[in-house]
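In this document, chain identifiers A, B, C and D correspond to the written order of the chains, with residue numbering beginning at 1 in each.
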Amino acid sequence: MHPDTVPPLLSLAGIEKRYGAVRALQGVDFELRAGEVHALLGENGAGKSTLIGIITGARPPDAGTMTLAGRVVAGLDPAAARLLGIACVHQQPALFAELTVAENIGLRLEAGGAWRRVDWRARAARAAELLQRVGAEFPATRTVRELSMPEQQLVEIAGALGAGARIVIMDEPTASLTRREQEKLYGIVRGLRTAGVGVIYISHRLEEIRALADRVTVLRDGQSVGTRAVADVTEPELIRLMVGREVGLTERAPGAAPGAVRLAVQKLGCAAGGVGDISFEIRAGEILGLAGLVGAGRTELARTLFGLTPADTGCIRIDGQEKRIRTPGDAIAAGLAYVPEDRRRHGVILEMPIAQNMTMAVHRRLFPGGWLRSGPELALAADYIRDLGIKAAGPDAPGASLSGGNQQKVALARWLATQPRVLILDEPTQGVDVGAKSEIHRIIRRLAADGLAVLLISSDLPEVLAMSDRLGVMRGGRLVEMLPGGTPAPVVMAAALGQTGRAVA
Amino acid sequence: MRRPTRELSVAGVLALLLVAMAVLAPAFFAPQPLRSLLVREMPALVVACGMAFVIIAREIDISVGAQFSVCSVVAGLLAVRGWPLPLVLAAAMGTGALMGLANGALVALARLPSIVVTLATMVTLRQGLNLARQGEFVNLPDGVQWFGLSQTAGQWLVLAVAAGVLTVLAWAARHLAAGRFVYAVGSEADAARLAGIDPARVTLGVFGFMGVLTGFAAMLNLVQSPQIQPLVGSGLELKVIAAAVVGGVAISGGRGSLWGVLAGLLLLATIPPALIHLHIEAYWEKAIQGAIILLAAASDGLGRKGGRA
Amino acid sequence: MSPTGETPLWRRLLFRHETLLLLVLVVEWLLFYHYGTTVNRRGVTVGFGTMDRQMDILRHSCEIGLLALALTPVILTAGIDLSVGSLLGLCAIVFGKLWHDAGVGLPLAAALTLLAGALAGGLNAGLITRLRLPPLIVTLGTYSLFRGLAEAMTQGAVTYTDFPAAFLFLGQERWLGLPAQAWVLLPVAAGVWLMVHATATGRSLRAIGFSPEGARYAGLPVDRRVALVYVLAGVIAALAALIYTARLGQAKADAGTGYELFAITAVVLGGTSIFGGRGSITGTLLGVAAIAVLKNGLATLPVVIRLNATEELAGVLTGLLLLLALLGSNLPAWLGRGRTPR
Amino acid sequence: AESKLMIGMLPKAKGNAYFISCKNGADKAAKELGVELLFDGPTDSNAAKQNEIVENWITLGLDVITVAAENKESLSTALRKARAQGIAVLTYDADAMPDARSFFVNQATPAGIALGLLDKAAELAGGEGEIAIITATLTAGNQREWLRIIHETLPVKYPKLKLIAVRPSDDLKDKAQSEATALMSAHPNLEVIVAICTPGTPGAAEAVKQAGKTGKVHVIGLGLPNENRRYVHEGVTDAVMLWNTEDLGYLTVYAAAALAHGELKPGAKSFQAGALGSFEITGDNILLGKPYFFTKENIDRFDF
C-alpha cells in the first residue's frame, strides 16, 4: 500500500482554540492515515494536548473542521468520539482512583445505556487479557488508587487498546514506563499499525519517534509548521522546526571553585517514599545533577530532604551541623529550599495573587510579629517580577492567570526569597519555553556562584549534563552512581537503566 | 472490587454488640418486638440507600428530613381526601422527586455546593411546612395502616419491600451501568466525562432519586400508624448520613456499599433499644452515639494511615 | 471574581459580595423601619424603628455572631464544624457545674470553661489533623458527643440558675449604650478580623483552603493552623456559652441547639466559600446582621400588618435569601468554568 | 389609630397540638371581646426563643403578655422588664416567678398533673409492678418538674411500684413508638407506660397495639381527644389526661383583657369569664379546674 493513495482516516483543517487570552491553537492542519504511526512533536505548551483534546471531543474547538473517514464531524463529545472509534491514552492518567482496574477499563470500553447490566465476568476477562497484552503484571482486581504512576499509565494504554479503535492516540505514553514496558508498548504500536489502525503518537524523545513513527507533524506556538516523513528528516531539522531557530544546548560552563561542604547526607532513607541508603554531599557553589528515569525516586529523595515525607533513617547535615527535618518548616529553617516538580498542585497556589505566592515561605521574616505588611511584600514581588522577567498583569494577578513558564518562575521566586543555603530544583524547566529555560539556567548558575549548593533534578538529560558539576544517578530509590561533570549522555542513560556499559537504543 | 474491609468491620462491631446482647439481655431477640423495631427502621433504611448514592457521587443532602416530612404530610392529606393508596404512593414519590430534582438542578446545573443548597432547601421546606400546618397531626382514614392488611402481614410487607428495595439497589449499584456511573462520577468527575458519562446528569439523577426514595420511605412510615405528625423525619438527615458514613461510604466519594449502609444503620438503630435492655440511663444515649460515630470513623482513618503511603 | 490589576477600584468594590449584602441589609432595614414601626394606643412609638428594638436585635445576635465568627476561619480552611452548637451547651453546663456544684468562683469558672472549650476544639483538631478524617464526619460525631456529655453530666435534668447579678449584667444590661455582650462580641470580631485579614496566619488559612498540599509545600504549618482554627472555634463557642448563660440566667444542657446551622448559614450568606480560601469577616458580620434583621424585623410585623407565624416565614425567607446569594455570587462562575462539587 | 387591645399569647411550642387547641379557645375569646390576639412562639420548646419573643413584644408595646413559660428563671427577667414598662403580664399553663406576673391561670398544678398520672398508673397496676415514662426531651422544663415530683412521691406512696425507665422521644410520635416497643421487650413485666408529652401518648399506644399487648400493658398520658380517640376506643389507651385546653386559652384571654382594663385586681376571689362563667381565684392563681381524664365513656363528647 502506498501511503499517498490511501485517503486520510482523519483530517483536521484550520483548528483554533483559545483559553481566555491564550491562543493555544491557531489554525492547525493535521492528517492521519490508516495504518500509520504519526508523531506529533513540539515544545511544551505548543498545543499538542489541546489538539488531542479536540480530536477526542474533550474540548470543543473554536473554529475549524474535523473530517473522519470522509465525513465531517461536529459537536463531538467524548462519548461520540468513542463510538466513532477514537481512543486515547492521556498524558495525565484520567482514571477512577476508587475503582478497580477492570472497572476502569470496562467503563471506558463498554457502549450502551445506563440501564444495561454490567457483565463483570466479561469485564474481568477482557481486562486481564488487555493487561497481559500491555505486559502489566498486576491483577485487574486491584484498585487504581493502589497503583504507581507507571502502572496507571499501563491501565490507560490497555483501555485504549481494548477500544478496538480506528484511531489510537498516545500522549507521551512512555514517559513513565520502564524499559521492558516500553519495548512491549513499541510492539503494541507496531501491531496496531499492521492492523490498519491510525496511531497518533506524542513524544519528546526524538529517538523514539525515529524508531516508531512513519510521519511527524511539528507544532509550534499553536500552529502546525510542517509534516515530514520520518525517513526524510534529520534531527537538527526537527529541532529547528520545533523551536524556530537553531538551538545550541546550554554550554557547559566550568563551575566556580567549590567551597566547603554545604549539604551532607548520610545513609538517608524513607520507607514510605521508597528511597533508602542515600549518601552524598554538595559543596557551596556546586551544582549536583540528579538523573534517572521517572519513578527512580528523585522526587521522593527531594521530598524526604525537605521534610515532606520525613526520613526514618540516616542524617542530614548543613554546614556541618546535623539537622532534624520533620516538616518543610524545619527544612526552611535549616536553609533548604525546594522548587517542586508539579507546579500547578505544589509550586504555586493558583487562586492566590503572585505576590502572596512569592512571600509564602518568608512570612516570618517579612511580617515581624505576624502582621501582614503590603509594602515589603509588594516590593519583594516587584523585585522578582523584574529580576526573573515574569510576565504578569501585576503583583495582584492570581497565579492561574500566568502561563506555565511564568508560574514556574513565581515558584522559583518564592524559594529564592528565602535566601536558602541549599536549593533543590525538581524539573525546574519542565513546561518552560526556550527563552525562559536559558534564563532559569542563568539564574541557577548565578546562585551557585553566590555560594549556594544546588541539587538539580531533571529528566532533560542535556540539561543536567550541561548544568551539573557532578552527576548522581538514581535507580529504584537508590543512588547508584556518582559521575563527574561532562560524562557522555549514553553512559548516564545506561547507568539510569541499570545497563552499565551499554548505550541506549 | 475493593476488599470490603470497612463494611466487614462495621458488621463486626454490630455482631459484637448483638452477641453481647445475646449474653446480657437475651430478651432483646424476642421475635415480635424485634420485628417491630426493625419495621420502624425500614423507612430510614430506604432513605439511607438514597443518601449512600448521593454521598458516593461526592455530594450530600441534608434536606432529606424536611423532604420526608413534606412527603408524609402531602401523602397523608391526599389519603384523607380519599385518594386510593397507589395514587397516594405515586404522589408521595412525585413530591419527593420534585424536591430532589430542585436540589439536583441547583447542584448540577447551577453548580452550587450541595451542602449549602440542601441547607437552604432544608430550612425552606421545614419552615414552609410549619407555616402551612402549624404542627397539626393528620389523622389518616381507616384502611391506610398496613395497606389495609393485618398487622403481621403489613409488617412483613414493609420489611419485604424495604429488603427488596435494598437488594435491588445494592444489585443495581453493583451490576447496573447507571450504578457504576455514580461511583465513577464520585471518584473522578473529569475521568467520567472522558469516559462519556455526563456528571451533571448523574448528579441530577442521584438527587432526583434521593427524593423518590424519600417519598417512598415516607409511605413506608405512613402505613405504620394511623396518624402523621408534621414533625416526622426531623433529625432523619443526620441519622442516615451517620449510617452511611459509619457503614463505610466515603465522604470523599466513589466508595461504599449499600450493605455497609445497612450494617451502619442497624448499628446506630440498635443502640437505643440496647441501652434500654442494658438498663443504661437515657441521658447517655447521645454521648454513646457520638462516640460510636467517631470510633467508626477513626478506625477507618487509622486503617488508611497504615495502609497507604 | 478574581481581581486583576485592570479592573477599576469602584467596580471591584461594587461587585463585591459584601457590597451587595450591605445593600440587602439596608433595604431590609428600611422596609422594616417603614412597615414595622407604629404608634400604639398609648401613644408610644413602638416596633422595629425604636432604639430598644435595635439593641435587642444586637443582643440576640451575639451568640450566633460569635459562632459565625468562630466558623469563618474554619470554613476558610475548607473545613466545617458542626459541633459548635452542642459545644455551647456543654460549656454552659461545665460553667454551671463548676460554679454551682464545685463552688468555683465565677472568674475562675469562666476561665476553666474557656479551657474546656479549647480542649473540646482540640479533640476535633486532633481527629482531623492526626487521623486525617474529614471534618464533616468528625464534627458530626462530636455534635452528638458534646450534647450527650452535657446531658449525661446533668442527667438531662439539672438547670443551673441563680447566677449573681454581676454575671447576669453581661447578658441582660447595657453598658456605654450597648448591650453588655456586644462588648464581648466586638473585640472578638475585631480579633478574628485581624487574624483573618491582617496576619500571616490568616493568609495561611486561605492558602490551606485553596490547596492544603500547596500550603504544605510552601512550608506552612498546615496541621498546626488547622488545629488552631478548631481550637479557636472551641474557645469562642465557650465564650458564647458564657454570654448565653448570662442572657437567660440559666445553664441547661439544651443550650444552643441548632445554632450551628444558623451560624453556617450566616457565614455562607456572608460570601465565604464552603470550598475554602475565599471569604471575609465583614461578610460574616453582614450575614449575621442580614439574618437577624430579617428575623426580628418580620417579628415586628404582626402589630402592623397582622401577620402571624413570622418565625416560619423568616426561616423560609432565610433559605431563599441564601439560595439567591449563592446564585448571585456564582453568576460569574457560570459564564466561565464551574467548580467541582464539594 | 390603634384602639383595640393587643394581647400576646406565647405558647411553649407553637406546633404542639396542646397549644393549638389553646389557641382555638383564645381566638374565640378574642373575637368575643374584640381584642387583637398575637399567638407566636418557638416551633419547638426553646427557652431562648421565648425570651426573644417576649422582648420583641415589649418593644412592640403590647398591652398584655401571656406566657406559658418553658423555663421559670430565664423568662422572668424579661417579664419583669415588661411589667416595668406598664405591660400587664399573665402566665398560663406553666408559671414564671411570682413577682414576674400578676396572675397565673392555673390549669392544674404540677403536682396535680404528676400525681394524677401517678395515681392512675398505680390504680391500673394494682398498686405494684413496673411502670415506665416517656417524656419529650430530658431537658424540657415542666416535664422535669413532673418527673421530680413523681420521683419524690413514688417510694413514699407506692413503694411497690417501680419506675424502670424514663425515655425521651424528642416530641416525635414515631420515636415514642420505637421507645415503647423496646421498653416492652426489655421489661416483659411492664404494666403501665405513662407518656408525659402529648405526641408520646398515641406513639406508646400504637406500640402497645402492635405488640399485641392491649390490656396487658396500659397506656396513660397527656393528650388531646382527637389524637387519642381511636386508641381509647380500642382499649389500648386507658385514660388521657387533659384539662380542657380550649377553656384554658379562652380563660387566659378573658383574664388578660380584664387585667388590662383594670377589672381584675389583686385580691379578687373570683372571676367571670364570658360563656364559661365564674372561676375561683386562690391567691394569685386563677383555677381552671381539675385535670380531666378522657376515657372510653366520655371522650366522644369532645372534639378538639
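The criterion applied here is as follows: a contact is a pair of C-beta atoms (placed from the backbone, for glycine too) under 8 Å apart; a residue touches a chain by one contact, two chains touch by 3 or more.
For reference, the UniProt names are A = Ribose import ATP-binding protein RbsA; B = Autoinducer 2 import system permease protein LsrC; C = Autoinducer 2 import system permease protein LsrD.
Here the structure is a predicted model, which is why all the values come from computation and not from measurement.
When every pair of chains is scored by its C-beta contact pairs, the maximum goes to B-C. Among the other chains, A has the CA centre that is most remote from the centre of chain B. Put simply, the C-alpha centre of chain B and that of chain C have 30 angstrom between them. Chain centres here are Cα means. That of chain A falls 73 Å from that of chain D. Our note on geometry: chain A versus chain C, Cα centroid distance of 45 Å, whole angstroms. Separating the centre of chain C from that of chain D, both taken as means of CA atoms, is a distance of 34 Å. Shared contact sites, meaning residues of chain D that touch two or more other chains, fall at 14, 43, 138, 168. Residues of chain C in contact with two or more other chains: 151, 155-156, 309, 311-312. Contact of a single residue of chain B with at least two other chains is seen at positions 127, 130, 134, 253, 281-283, 285. By the contact rule set out at the top, the touching chain pairs are A-B, A-C, B-C, B-D, C-D. Per the touch definition, chain A reaches chain B in the complex via residues 56, 58, 77-80, 82, 88, 90, 94-100, 103, 107-108, 110, 112-118, 120, 141, 143, 145-146, 272-274, 309.
Interface residues of chain A, counted against chain C in their complex, comprise 308, 327-329, 331-332, 338, 340, 345-352, 356, 360-361, 363-364, 367, 370-372, 393-394, 396-398, 400-401, 414. Considering their complex, residues 38-42, 44, 46-47, 50, 52-53, 56, 59-60, 151, 155-157, 159, 161-162, 168, 172, 244, 247-250, 252-255, 257, 296, 299-300, 302-303, 306, 308-312 of chain C touch chain D.
Interface residues of chain B facing chain A in the complex, by the touch rule stated above, are 1-2, 174-178, 180-181, 183-184, 186-188, 190-197, 250, 253-255, 308-309.
Touching chain D in their complex are the following residues of chain B: 25, 27-28, 30, 32-34, 36-37, 40, 127, 130, 133-137, 139, 151, 155, 221, 224-227, 229-232, 234-235, 272-273, 276-277, 279, 281-283, 285.
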